[in-house]
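Here come two complexes built around subunit A, the first alongside subunit B, the second alongside subunit C.
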Partner chain A sequence: MAAYFARRFLLLIPTFIGITFVVFSITQFVPGGPIDQMILNMQASATEGGVGGSGSTVEIPPESLAALKEHFNLDKPFFVAYGYWLWDLVQLDLGKSYKYNVPVIEVITSRFPISIYFGLLGFFLAYLICVPLGVLKAIRHGSRLDIASSLIVFAGYSIPGWALGGVLLVLLGGGSFLDWIPLGGFRSEGWEDFSVWHKITDQLHHTILPVMAYMVGSFATLTILMKNSLMENLGQDYVRTAFAKGLSERSVIFGHALRNSLIPICTGLGHAIGLIMAGSYLIEKVFNIQGIGYLGYTSIVDRDYAVVMGILVINTLLVLIGNILSDVLYVLVDPRIRFS
Partner chain B sequence: MCWWIRAFAFLEVIAHLQMTTQPFKDKPQTVFQRRWKKFKTIRRGWYSFQLLLGMYLLSFLLPVLVNSKALVVSHGGELFFPAIEELLPFVGGYHAAKDLGIYDPRRPERLMRGEANYRLAKSQYEVADQGDWVLLTPYPYHPIENLLKEPGFDGRPPTAPDSVHWLGTDNRGRDVLARLVYGFRISITFALSVVGIAYLVGMSVGALLGFLGGRVDMFGQRIVEIWAALPFLYTVIIISSMISPSLWILVGILSLFYWIGISFYMRGEFLREKAKDYVAAAICIGESRRSIMFKHILPNALTPIVTFAPFAIVGGIASLVSLDYLGFGLAPPTPSWGELMGQGLSNISAWHLVLFPMGALFATLLMVVFIGEAVREAFDPKVFSRLR
Partner chain C sequence: MSQPLLQVKDLHTYFNVEGQRAWACAGVSFDVMPGEFLGIVGESGSGKSVTALSIMRLIPDPPGRIDSGEVVFDGRDLLQLPLNEMRRVRGRDIAMIFQEPMTSLNPVLNIGRQVMEAVVLHEKLSREESRNRVIEVLEQVGIPDAGKRLKDYPHQFSGGMRQRVMIAMALICKPRLLIADEPTTALDVTIQAQILELMADLQNQREGSATILITHDLAVVAESCDRVIVMYGGRIQEVASTRDIFQEPLHPYTKGLMGSIPQEDSKGKPLFAIQGNVPAILDFPPGCRFCSRCELVEDRCRSEEPPLVDLGGGRAVRCHLVEKLPSNAEAEEAAP
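Showing the complex of A and B:
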């Protein structure tokens, strides 16, 4: 088993190199890549600064063009440039953000607290609500409660989280209807000077809608997964045996069936490692929260490619590690499974 | 004869008898026909399917239903059919204002330039009363038509819903209802194309990997893994920010990522089916590889991906709306739900720009989800048996 996971971790390396290669080539080959955009930006700012309306294109001085190219390693052949970039990456040097003028790593890590806050909250609330609901739906399959909650599940599946957030913001954010909820942001201005109680209520006030938007995404799938998993187990022979030997329904369901049906739910926990980079650009844009997602979005808009690539690389690495962790968890919770 | 062979044969006869008692009344049905029949009995899904299909087909008639061009114009004894011409390929339905005798309302002595404004034509013809007339479409506004200079337009855009613009106008003074219905057609076309292409690619790749197995599978899986680990929407946004794609290029970019999930399903099915006895039997009687893949395994491997299809469509529509909201979807004047929501969310008092597109999105996706539920029930019924 240890050998299997050791091999999995070793296989990470070629996969990771493959991903970085794809990412790198996207930003290098696509017309309008970083350098063209910079030239455009410089021309735009030059025309704004200079005599307006002349319409002539501003020449970029050749030496600054060469400096730019050298900075992005564009003066070198593709594979050499890729090699340089990968070598920096291995040394955990993701380059420098040209917008913030600090190393990319610092830009990204400064957003971690917000991501972890919303990520953890959404994650735990989703499990806390969906697992009991799924169990209840399975036990009372076909009941009125089951059907009513199924409708909610269908509705939840049909609304992207950010869109629901947007609607709630319009309804409750004080634009046209009710004014219950602040219009977004992570905290109110001057939060540091509030009293403790005020701090907490203000934070909750800003948290409730984004967290709901985050939860909608996993609500439908997680609930149905839990329900189907438990239903499947309730039809198994060992459950019949347990009933046959006279156990009470409660101990059959909670003592036998539920434990096995939690297995597919548990394996999803491996991806919890992705929480530190959690943050949907959609939800964060709707609520104007300055987290990782918003950073990713604005850095694409600002063509801050060092940050864009940094986020992409860290994200994929976390997904890959999350996959392996899920498999490890799978083995831990289900002794029947043996990888080799 | 050995007893268990006789017992087995007897069982076969019984099974056969039971089967032949009723079905001779009507024609034998294929598996697909039976599933289709079952699908039709699930009302929620079947009605959603009919409604959505009807609305989508109707949306191809939109140029004669919701359009600023008139259905019929009679000017100087001559008849013109601008909106109907727009339905025909290569005609377009363009008519210059001067050909229809439309005057500039600010300088009545001069003819208007550019394309005819048929609502203006209608009011002018009525005032002139010379036997000219205009038959407008039922809802005479075009999704990318700027209405700021319209005589009846009061207030600054976006304006709230009223009796003229039923769902209001957006922040460029364009009619929201017109944009919503044209956006519906674009969204569905987009999702169907993405899912179609992704299925073609995903099924081929998945089937090949599953069927060939071995080293090809090992190598292919690594490449698929690379694609799967890329954050899909983020990468699409990066590409889209660089090339500002047209509808079909965006379809292509999204398909590049959509096929992965389908190839997983397909590979799994082929791996499973390949090991079954009927495939071994087919190999034994010397069937070609191609025939084994297409005639023997493929029909049996279709169930999971057929049931997956409606949910892939939900994903396609939601992706387009999300991309449009972020501003990395279809190029600007294209009517789109996401773009309207983006306008509404940046101007929170324009509630109609958020709630109406959101309602349209929600209703559409809910119908597709109902279809998906029914398809799953018909194709892959799960019978849960339990005590008590």
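Showing the complex of A and C:
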């Protein structure tokens, strides 16, 4: 089995190279690269400055242009440029952000805590709520509670998180209706100077709606997966055997059926790791949170390819490692599975 | 004669099928004596498993329900017991073995834990004592190196070994009644014989205990049972000792079952089969349940269900033609 996982880890390398190569190549071919973006910015500032008047174009000397191209490796064929990028990466250098002119790693790490905070919180809340809810729904299948909760989770499933966020903000964000929840942001201004208690409440206050928006979609899948998995197991022969031994319904459900029905849920944990960090541009936009999703989107718009690639590297690694983690979890929870 | 260990009286169990009540078990009555090895025989859908599950009150509800009747064990009607008392009967006084040894064991729990569960629950033994008891009972059912296999999972055992584990699990609390529902059906023939032998051995070791063996296979009955109940359409059609039923089957259905067993002299001839199939549970004819497939059917059979007639000597049969039926023995005597 160790050999299996060693192979899985070795396979990470070509997979990782494949993914990054494809995205890197795309960035090289789409029109409007970082240099065009720079020229555009210079033009904009020139126009604002009132130099040259309307319709003026800023001429960049060809030698400067060539120097810039060389700086961004744009003068080389894309696969050579990719080679340079990969070589830097191997030395743990993600390059500098074109836009902010600081190392990519700094740009990303400044945003990561926010995304991890929402991601982990949403993730744990989803599991903490959905697993017990799914179990309850399975045990009381067809009851009023089951039907009502299905209605709610599926309604949530059909509403995009950002749309729900928008609606809730309008209702609760102090605009036209209720003023219960701050309109957005990760924390209030001056948070650093708050007392500890105030810090926590302020943080929670800002957290409730975004977390709801993050979770609302995954709620239905997880709850229904849990419910169906348990129901399926409750119909199995071994459950009847357990009842025939004289066990109570409680022992049968929690001692026998639940363990089996948690197998698909557990293995989903690994896959979820990648999603935790991914963030969501639209939700972050709605709530004005400077998370990784927002950063990813703006860096694409700004053609800040170093940051785009940096985010890609981190997300790809997390997803790939998450997949392996899923396999490990499979082995841990299901004795029938032994990879070789 | 001693008191019966178990008395089933006029048991009725139905399932809700397409909004109708389908009577899977319609007025079944029989006794099980201490020390007896009783067979219940019938094709799939004849109601034999439902009868067994009704005794254990393990009918899945919904869609099933035990409607009426009595199951008297130890002077108590099990059907009237509160659920928590019924749980104390299950596994301790009456234990059950199921058909599929693979799916009937929990795939993610090791067998030591699964076998131990009942004894921990019912006898409140310490860990050490329970462990010893588990090893003892696993050795008793013929699992080699039992002490080392406690941590193994069901998929690490062969089909026959798994069924031995199931038997160990059922017998660990030394139940007075063991119900085995098709225990050998999923196994190879050679393993079948071993398992039946084991069950017979264990039955003899447990003084005064009884076994109900449910099967569709008459060969299995011949090998192990003292007495046989033949079921069809949720009703008992014939009751007789194993000897009688093989020598002189009375009910046309029983005869059909007998005729379906390959014999030495049937070599080369087409194998006999009862005509038609067991009807779907809602499609049984009025009158005699078997009339749609019976070769000797008369008008009366189609309209009026015959009673189960006690013929004395432990024999009973449910057939209008029972007086007219030439028994095989007589037929042989009459032959020139």
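Here is the rule we go by: the second predicted complex is superposed on the first by the 309 of 340 C-alpha atoms of A that agree within 3 Å, B and C clash if a C-alpha of one lies under 4 Å from a C-alpha of the other, contacts with A are read in each partner's own complex, and residues count from 1 in each chain.
Following the convention adopted for this analysis, a contact is a pair of C-beta atoms (placed from the backbone, for glycine too) under 8 Å apart; a residue touches a chain by one contact, two chains touch by 3 or more.
Note that this is a predicted model, so its numbers are computed, not measured.
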**OP:** Go through the superposed model and pick first if A:336 touches only subunit B, second if only subunit C, both, or neither.
**Re:** second
**OP:** Based on the superposed arrangement, let me know which partner A:248 touches: subunit B (first), subunit C (second), both, or neither?
**Re:** second
**OP:** Give one of first, second, both or neither to describe whether A:282 is in contact with subunit B, with subunit C, with both, or with none.
**Re:** first
**OP:** Using the touch definition from the top, say if A:260 reaches subunit B (first), subunit C (second), both or neither.
**Re:** second
Original post:
Given the touch rule stated above, what does A:240 touch, subunit B (first), subunit C (second), both, or neither?
Top reply: both
**OP:** In the overlay, answer first, second, both or neither for which of subunit B and subunit C A:231 touches.
**Re:** first
**OP:** Please work out whether A:125 is in contact with subunit B alone, subunit C alone, both, or neither, and reply first, second, both or neither.
**Re:** neither
Original post:
In the superposed arrangement, does A:170 touch subunit B (first), subunit C (second), both or neither?
Top reply: first
Subject >> subunit B or subunit C, by number of subunit A residues touched >> reply: B
Original post:
What residues on subunit A does subunit C touch that subunit B touches too?
Top reply: 240, 243
Original post:
Tell me, which parts of subunit C touch subunit A in their complex?
Top reply: 56, 58, 84, 87-92, 95-96, 98, 100, 103-110, 117-118, 121-122, 153, 155, 166, 169-170
Original post:
Which subunit A residues qualify as touching subunit B in the complex?
Top reply: 11, 14-15, 18-19, 22-23, 26-27, 30-33, 141, 154-155, 157-160, 162-163, 166-167, 169-171, 173-177, 183, 228, 231-232, 234-235, 239-240, 243, 249, 281-282, 285-286, 296-297, 300-301, 303, 308, 311-312, 315-316, 319-320, 323
Subject >> Residue numbers on subunit A that touch subunit C, as the complex places them >> reply: 236-238, 240-248, 256, 259-260, 263, 333-336
Subject >> Residue numbers on subunit B that touch subunit A, as the complex places them >> reply: 222-223, 225-227, 229-231, 233-235, 237-239, 241-243, 314, 318, 321-322, 325-326, 328, 341, 344-345, 348-351, 354-355, 358, 361-362, 365-366, 368-370, 373, 382, 384-388
